[in-house]
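Please read through the structure below; I'll follow up with questions.
By written order: A, B and C. Residues from 1 in each chain.
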Amino acid sequence: MSAAAASLPVHVPVRTHRDYQASPATREASWVRWTLLALSLGFFALFLLLPLVAVFAEALRKGWGVYFAALVEPDAVASIKLTLLAAVIAVPLNLVFGIAAAWAIAKFEFRGKQFLITLIDLPFSVSPVIAGLIYVLVFGAQGWFGPWLQEHDVKILFAVPGIVLATIFVTFPFVARELIPLMEAQGREEEEAAIVLGASGWQAFWRVTLPNVKWGLLYGVILCNARAMGEFGAVSVVSGHIRGLTNTLPLHVEILYNEYNFAAAFAVASLLALLALVTLALKTYIESRQEYVA
Amino acid sequence: MSIEVRNIKKSFGEFHALGDVSLDFPSGELVALLGPSGCGKTTLLRIIAGLEFADSGQVLLEGEDASDTHVRERQVGFVFQHYALFRHLSVFENVAFGLRVKPRGQRPGEAAIRRKVRELLELVQLDFLAERYPSQLSGGQRQRIALARALAVEPRVLLLDEPFGALDAKVRKELRQWLRRLHDELHITSIFVTHDQEEALEVADRIVLMNHGKVEQVGTPQEVVERPGTDFVADFLDLDDHGPAWLVEAKIRHRGYSLRAANELERAA
Amino acid sequence: MSRRIHVLPGFGLSLGYTLVYLSLIVLLPLSAVFLKTATLTLQQFWDVISAPRVLASFKLSFGAALLAAAINAVFGLMLAWCIVRYEFFGKKLIDALVDLPFALPTAVAGIALTALYAPNGWIGSLLAPHDIKVAFTPLGVLVALIFIGLPFVVRTVQPILEDMETELEEAAASLGAQRWQTFRHVILPTLAPALLTGFALAFARAVGEYGSVIFIAGNMPMVSEIAPLMIITKLEQYDYTGATAIAVAMLLISFALLLAINLLQGWNKKGKR
């Protein structure tokens, strides 16, 4: 099920530019070129650019005063804090997992490796709503651990732990799937060389493996973080939507929007859009670095 | 330091890479493991290094059983076929690596490390490249840096896996004469793996011919050329086709000649 | 004989940690869905998923996802082509922004698209006079799914297009092929596997998509309700069994479709050899 599994194809940036327009064999008639450009750029503007612009335009429609008021309002601040908390827990956990999985998969041979990779990719091919549902089935009142949790007064569902768990699930593969192909391509000769030269396993890892994959690692972390902060469906199912308590930023956007408080909804949404733009900028920067290193 | 392997056996699944190999590598010699690809020579080299573990049999270093000694403690220098230089470190830091990862008590001071690395870079005649990165070097330069890096930890033996395999013909010729000179200077027990009979005949003190995980013949270049032990040896050394053994002998003499010439050049300089 | 098999350390630790973490976070919770379904009889299961409202949501989710993936395959290919082959102002920026749907939280995309396509929105107000309604109709679902799936196609096709040797096209031209013939018989077959993969990825993502869709869909029963929303609706009625049955049906259908696409791709590759 590899097709289902992959979600973010690693993007190799445009390398040495070829001049396709120089040779008549790789050039189209100019009317074809202009038609293609007009169609695809029109499509791009309509479906990608306009929504982005709309977020900021709607956010500022009622002026900066309303905009900032929406951001400093206590429920908004609480949702920002919760979103940061979920990301601060989920990202490092998935980072450590990603490194461990990549180390085992890329540096050693064992049976069932391909199957393991497929399993790691699984969360990408599951609908976010189903991702939420599984935790309801495990921790909900009618779920496996529901009665036990109730008895001991532990709240997971409709509380912060549930939100964190759902976030971990949907961001689970990000770091691992960046690192596995990268570390597989690099092989294990450099680590072996380090060990022959007297390095311990940790020294080989810190001094050789990690510096070699640092850009790929950062890439995975950035994408993992963007998804962790922006997840909606899975978190929506397990949150319970308690204002000021279990609302993340995206859920807060939903509530404001459903209350027809559009200006505030878009103001909060613009924060998330800014996060997306920062993510894309960092991503582009890392890709250029990777290109430089390679 | 002498190396001895006793009754080494190794299989990968169904494939028998090595079937009961026993060999002696006397101290200070430069030995070639020669054979076609898949004959087990690289596996044997990696087992001696401790990068691979035999299914049965022993590796003795200086008469002591080292079979269970970790590669880290074997004090071997290993030059990888594709050099395995650390791509994120400069040439200087590559060579210094083995010194920097020593346990705190044995680690030389910064000044001592600098001195040692300089010495080694001068030895391989690449001191002007210290600040470059591996990706900025030519194949031959990488090869010599890999050797300098391996020598930095003062290994008791030097193991080279197809040291000239990835180089073009001209550089390959130059480097193998250079390796021979270097060995004459350092006298460190060395084993190199090659599939190129010319290379083995020209550089090695002694040649181990291998085929299908078995040793076919051991001897000096002269011996294997004059008295090939098996049909395989005669065939692999091309002794029939190129018929006259004198041609090969000329090559061996050629090595002696170039060696003399190099020594004279050094004296002159 | 207790000999170390690996020179590099940490195999047991890293693999063990991987398996434990994977089991705790993914496999155990996911198995809950299937175990829950196992408590149903086949008849009960069938009753849930063949209810007209649920069936309608399946039709909408899978139909709109297929259509959106197909539209993305066409326009994604064109966009990738323009980015790789042509020089134009703002190309680098556009190249970077193609990934926006990956980075933009789905809820934000959802309300932004709704604002654009609502009858009083920038685009909606242009369409309203022609009696075209997008927001709060199945068409709105399609728009959201196109948004979410575009980068999958562009990012799988783009690297293949960049790596493609121009010699192929030059050879075709030297043999007398028209530009269109070269595209049809040389370029497109080379790109086909990547295009199919991009299509499959966009489709898989679109089927399960929730956040960007529910705002623009209007969520009218039988008309513009998507399958993931049906799961939520069942959950809100504390009908865990119903929710689980729909989830399992969704998982099975998308796995089957993707398996078919994988097979098609394998068959496609074999045919080439």
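The definition used in the following text is that a contact is a pair of C-beta atoms (placed from the backbone, for glycine too) under 8 Å apart; a residue touches a chain by one contact, two chains touch by 3 or more.
Predicted model, so just to flag it, every value in this text is computed and none were measured.
When every chain is reduced to the mean of its CA atoms, the largest separation from chain B belongs to C.
Here B-C and A-B are compared, and the pair linked by more C-beta contacts is A-B. The distance from the centre of chain A to the centre of chain C, each centre being the mean of the chain's C-alpha atoms, comes to 16 Å.
Work out the mean CA point of chain B and of chain C, and you get 53 Å between them.
Mean C-alpha position of chain A lies 48 Å from that of chain B.
Listed for chain B are residues 51, 71, each touching two or more other chains. Looking at chain A, one finds that residues 192, 195 touch two or more other chains. In chain C, the positions touching at least two other chains are 7. Contact residues on chain C toward chain B in their complex (touch as defined above): 1, 3-5, 7. The touching residues of chain B, counted against chain C in their complex, run 50-53, 56, 67-68, 70-71. Those residues of chain C whose C-beta lies close enough to touch chain A in the complex are 6-11, 13-15, 17-18, 21-22, 25-30, 32-33, 36, 75, 78-79, 81-88, 92, 94-109, 111-113, 115-116, 121-123, 143, 146-147, 150, 152, 155-156, 158-159, 162, 166, 169-170, 172-174, 179, 182, 197-198, 200-201, 204-205, 207-211, 215, 228-229, 231-232, 235, 238, 240, 243-244, 247, 250-251, 254-255, 258-259, 261-262, 265.
Those residues of chain A that touch chain C in the shared complex are 1-4, 6-9, 11-15, 18, 20-21, 23-29, 32-33, 36-37, 39-41, 43-44, 46-52, 54-55, 58, 97, 100-101, 103-105, 107-108, 110, 116, 119-120, 122-123, 125-130, 133-138, 140, 142-144, 165, 168-169, 172, 188, 191-192, 195, 201, 204-205, 223, 226, 229-233, 236-237, 249-251, 253-254, 257, 262, 265-266, 269, 272-273, 275-277, 279-281, 283-284. Residue ranges on chain B touching chain A, taken from their complex, read 49, 51, 71-72, 76-78, 80, 82, 84-89, 97-98, 101-102, 149-150, 152-153.
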